Amino acid sequence: MKRLEPRHWIFVGLFVAIGCTMLLKIPLEIPITDQTQKMYDYIESLPEGSPLIISFDHEASSLPEIKPIALSILRHAFRKGHKLIGVALYAEGTLIGYRLMQETAAEYDREYGRDYAYLGFRPQYIAAILSMGESLEQTFPQDYLGNDFQDIEMLRTIGNYDDVAGVISIADGSLTTHWIEYGGGRYDVRILAGVTAAMVTTYDPYVASGQLNALVAGLRGAAEYEKLIDREGGGNRGMLAQSTAHLYVIVLIIIGNVAYFRSRRKGRG
Amino acid sequence: MLFPVLATTANVGWFDPDKLWTLIAALVAIVIVLYTTYHRKSRDKFKVRQIAGISAVEDAIGRATEMARPILFTPGWGGDIQRPTTIASMNFLSHIAEKTASYDCTLIYPTHDPVIMTVAQEVVRESYVRAGHADRYREDNISYVSSTQFGYAAAVDGLISRQKPASIFLLGTFEAESLILAETGNSIGAIQIAGTDSTIQLSFFIVACDFTLIGEELFAASGYLSGNRSILASVRAQDILKVIIIVLLMVAVVVASINEISGEQLLGWWGF
Amino acid sequence: MERRLPLLVCFVSGLLMFIMYFSSHPTARLINLTVPLYWQIVFAFTLIIGVASYLRNNVRGIKKGESRPYRIVSVGGFVTMVAVAAIWGIKADTPFMWIFENIQIPMQSTVFALLAFFVASASFRGFRARSIPATILLITALLILLSRTPLGNLFDFLPDLADWLRNYPSMSARRAILVGIGLGSLTTSLRVIIGIERTWLGGDK
């Protein structure tokens, strides 16, 4: 049998560390960050019934991290009685987005067509963002379920971005950048986002410049949002595993450096 | 009515005054790019500093040839053909393909986008013809694998694990798949040259790859490798524009500081 | 002619879209709306090229015996999904979506999860105090990581310090890189529009 290399032991260690913490249920005390608070405050401040576009800009792979973020934002928006318009700019996010909206709408007795609508997927995200800026109806003549745009009650008053209070991009990659550059830059629509932790630093410059109005970041952001809306949704539980992984990486870095200095001393000797 | 939304803006003029400053900035940039590209005198005097990644390209190709193992080149999952990074990476591909044709070294190019695949096939074919070895060109080596991010990552990882390329070029727009590919490449001991415009992925590449072209270096290196004087000269436009931006930033800092200290908007015109 | 026509189309459409950006006139908006719609239609056709090439490559590979088991799984998966979609459709609660939710999503999440393992091994290898800049990088990484764990809450200053590192030194560097990338993109795009950059046509030295 082939001998395991050090990196294989690192993998096994991480698997064991995360596996063990997933079995535990220790609630973590998580302070609310400014960006999560800003997202909450914005949704909270809108008058009841404000239309919002929720764009599911992610693939299936990131669902474990994306789902708690999406659920908490959707729950808050539905609870406040806002009208939600779902779109997907990746084919794989289409069904996931529809299921998440359906699930959360049912929790608050929201009705399809009156309180929310799901327009589905359009290929070529830049083209889709640009054409929605001109006309949502021309971009999506029918919704995901095959209904004509004009037959959906809540969409009759929606022409383009001028008629919505903002776009919330739920993303696992850089698609939010296109929303910022093309939707925000060209059509002045307010852009907010919920993204995976790995993407957070990409968006920091946009947050600082005000081009991105609020950012819910990763599982931690989801856990913070869950705390704000007082509703558990998987974020807090995931945070424990994530914190363990962070600690594990810290330990690895220390071990790596100790080994490095020992080998250097040996080399000198 | 065909487009009911448009009716509401029927009496709007042709020029949107809100975009005046954007237009001025765009025109300044265009004039500078055109000047540096077409003004023969300034174009010919211009030199590009040595970028470590460029000299490593030759070593990487030589290594693969000596080891009789393939070279793998992939442009990442995040871009499409209209993305400037993808276009810049095509100049690299063209250069590398010409060398692999001469040395009879296998070049593998998996991609997530059918259009990129078609363009890459055309680029590589032309390079093989230019090198005088059209018979060595294999269309199957430039392939579309999957449009989904981790389908693509799994396919490229599989290729790396099975074919064990001696050199790997990760040049283009990468997202979360970057570290998965770079670490797999590292585990088989391949020499890796990376370059991307995704700032977050740069940190992964710097840790896992031998050479990393940071942001604009990718564009500069691409111009350098293209061998086209006009393309290379336009790199100079970037430097001139950068100087303009630095000056504007410094003025903005001074103005903002004056406003902050005085408590008044003394130079309110800066607000554009 | 083979090269001139696409170059001309590129120049005219590039110039047109540039001009249209600065206008809110109904005609400009109509163009802004129509061009992306055609763009989407053209993209749909390019997928056919991808699928045809994918199938051809894999079938050839199976015949030649190159990575046969993997290629059989690939082609088998493709044929199954097309057949299931053709028979039952692709809406919610169809067999196509069952396969998507219960096979494709877990498989893709697994590949995504590999990232965590690779981050661990790359950190172990990469963060070594080999030089002064590497030591600064190492200390910064440790501070940021610590601030993201419950241990970070034990030290009052740590979350603020981590935020400061992210928002000032790190952000300045990223912004500088972004400006460079933006300028690189600008010049590349202009080169494409005016026709001196022709690699997208397959190269033209």
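The letters A, B and C name the chains in turn, as written, and every chain counts its residues from 1.
Throughout what follows, contacts are C-beta pairs under 8 Å (C-beta built on N, C-alpha and C of every residue); 3 or more make two chains touch, one makes a residue touch a chain.
These numbers come from a predicted model, not from an experiment.
Novice: Based on which chains touch which, give the shortest step count from chain A to chain B.
Specialist: Tracing touching chains, the least step count from chain A to chain B comes to 1.
Novice: Hey, which pair has more contacts between C-betas, B-C or A-C?
Specialist: B-C
Novice: With centres defined as the mean of C-alpha atoms, identify the chain lying farthest from chain B.
Specialist: A
Novice: Of the chains shown, whose Cα centre falls closest to the middle of all protein Cα atoms?
Specialist: So the chain nearest the centre of the shown protein is C.
Novice: Could you tell me the distance, in whole angstrom, between the mean C-alpha positions of chain A and chain B?
Specialist: Between these chains, centre-to-centre, one finds 27 Å.
Novice: Measure off the straight-line distance from the CA centroid of chain B to the CA centroid of chain C, and report it in whole Å.
Specialist: Chain centres of chain B and chain C, defined by C-alpha means, are spaced 13 Å apart.
Novice: Could you state the distance in Å from the CA-based centre of chain A to that of chain C?
Specialist: 17
Novice: Of all residues in chain C, which are in touch with two or more distinct other chains?
Specialist: In chain C, residues 21, 29-30, 33, 108, 111-112, 115, 119, 121, 123, 125, 127, 174, 178 touch at least two other chains, as defined above.
Novice: Send over the residues of chain B in touch with two or more other chains.
Specialist: Touching at least two other chains: 3, 6, 147-150, 176, 199.
Novice: Which chain A residues touch at least two other chains?
Specialist: In chain A, residues 7, 59-62, 92, 126, 134-135, 138, 198, 201 touch at least two other chains, as defined above.
Novice: Mind listing the chain A positions that touch chain B in their complex?
Specialist: These residues of chain A touch chain B: 7, 59-62, 91-92, 126, 134-135, 137-138, 159-160, 172-174, 196, 198-199, 201-202.
Novice: Can you name the residues of chain A that touch chain C in the complex?
Specialist: 6-7, 10-11, 13-15, 18, 28-29, 31, 59-64, 92, 95, 98-99, 122-124, 126-128, 130-131, 133-135, 138-139, 145, 186, 198, 201, 204-205, 208, 220, 242-243, 245-250, 252-253, 255-257, 260-261
Novice: Can you list the residues on chain C that touch chain A in the complex?
Specialist: 21, 29-30, 32-33, 35-37, 39-40, 43-44, 91-92, 97, 100-101, 104-105, 108-109, 111-112, 115-117, 119-121, 123-125, 127-130, 138, 141-142, 145-146, 148-151, 153, 159, 166-167, 170-171, 174-175, 178
Novice: If you look only at chain C, which of its residues touch chain B in the complex?
Specialist: Chain C residues touching chain B: 18, 21-26, 28-30, 33, 46-51, 53-54, 57, 60-61, 67, 70, 108, 111-112, 114-115, 118-119, 121-123, 125-127, 174, 177-181, 183-192, 194, 196-197, 199-203, 205.
Novice: Considering only the defined contacts, which chain B positions touch chain A in the complex?
Specialist: Touch residues, chain B against chain A: 3-6, 8, 78, 82, 147-150, 175-176, 187, 198-200.
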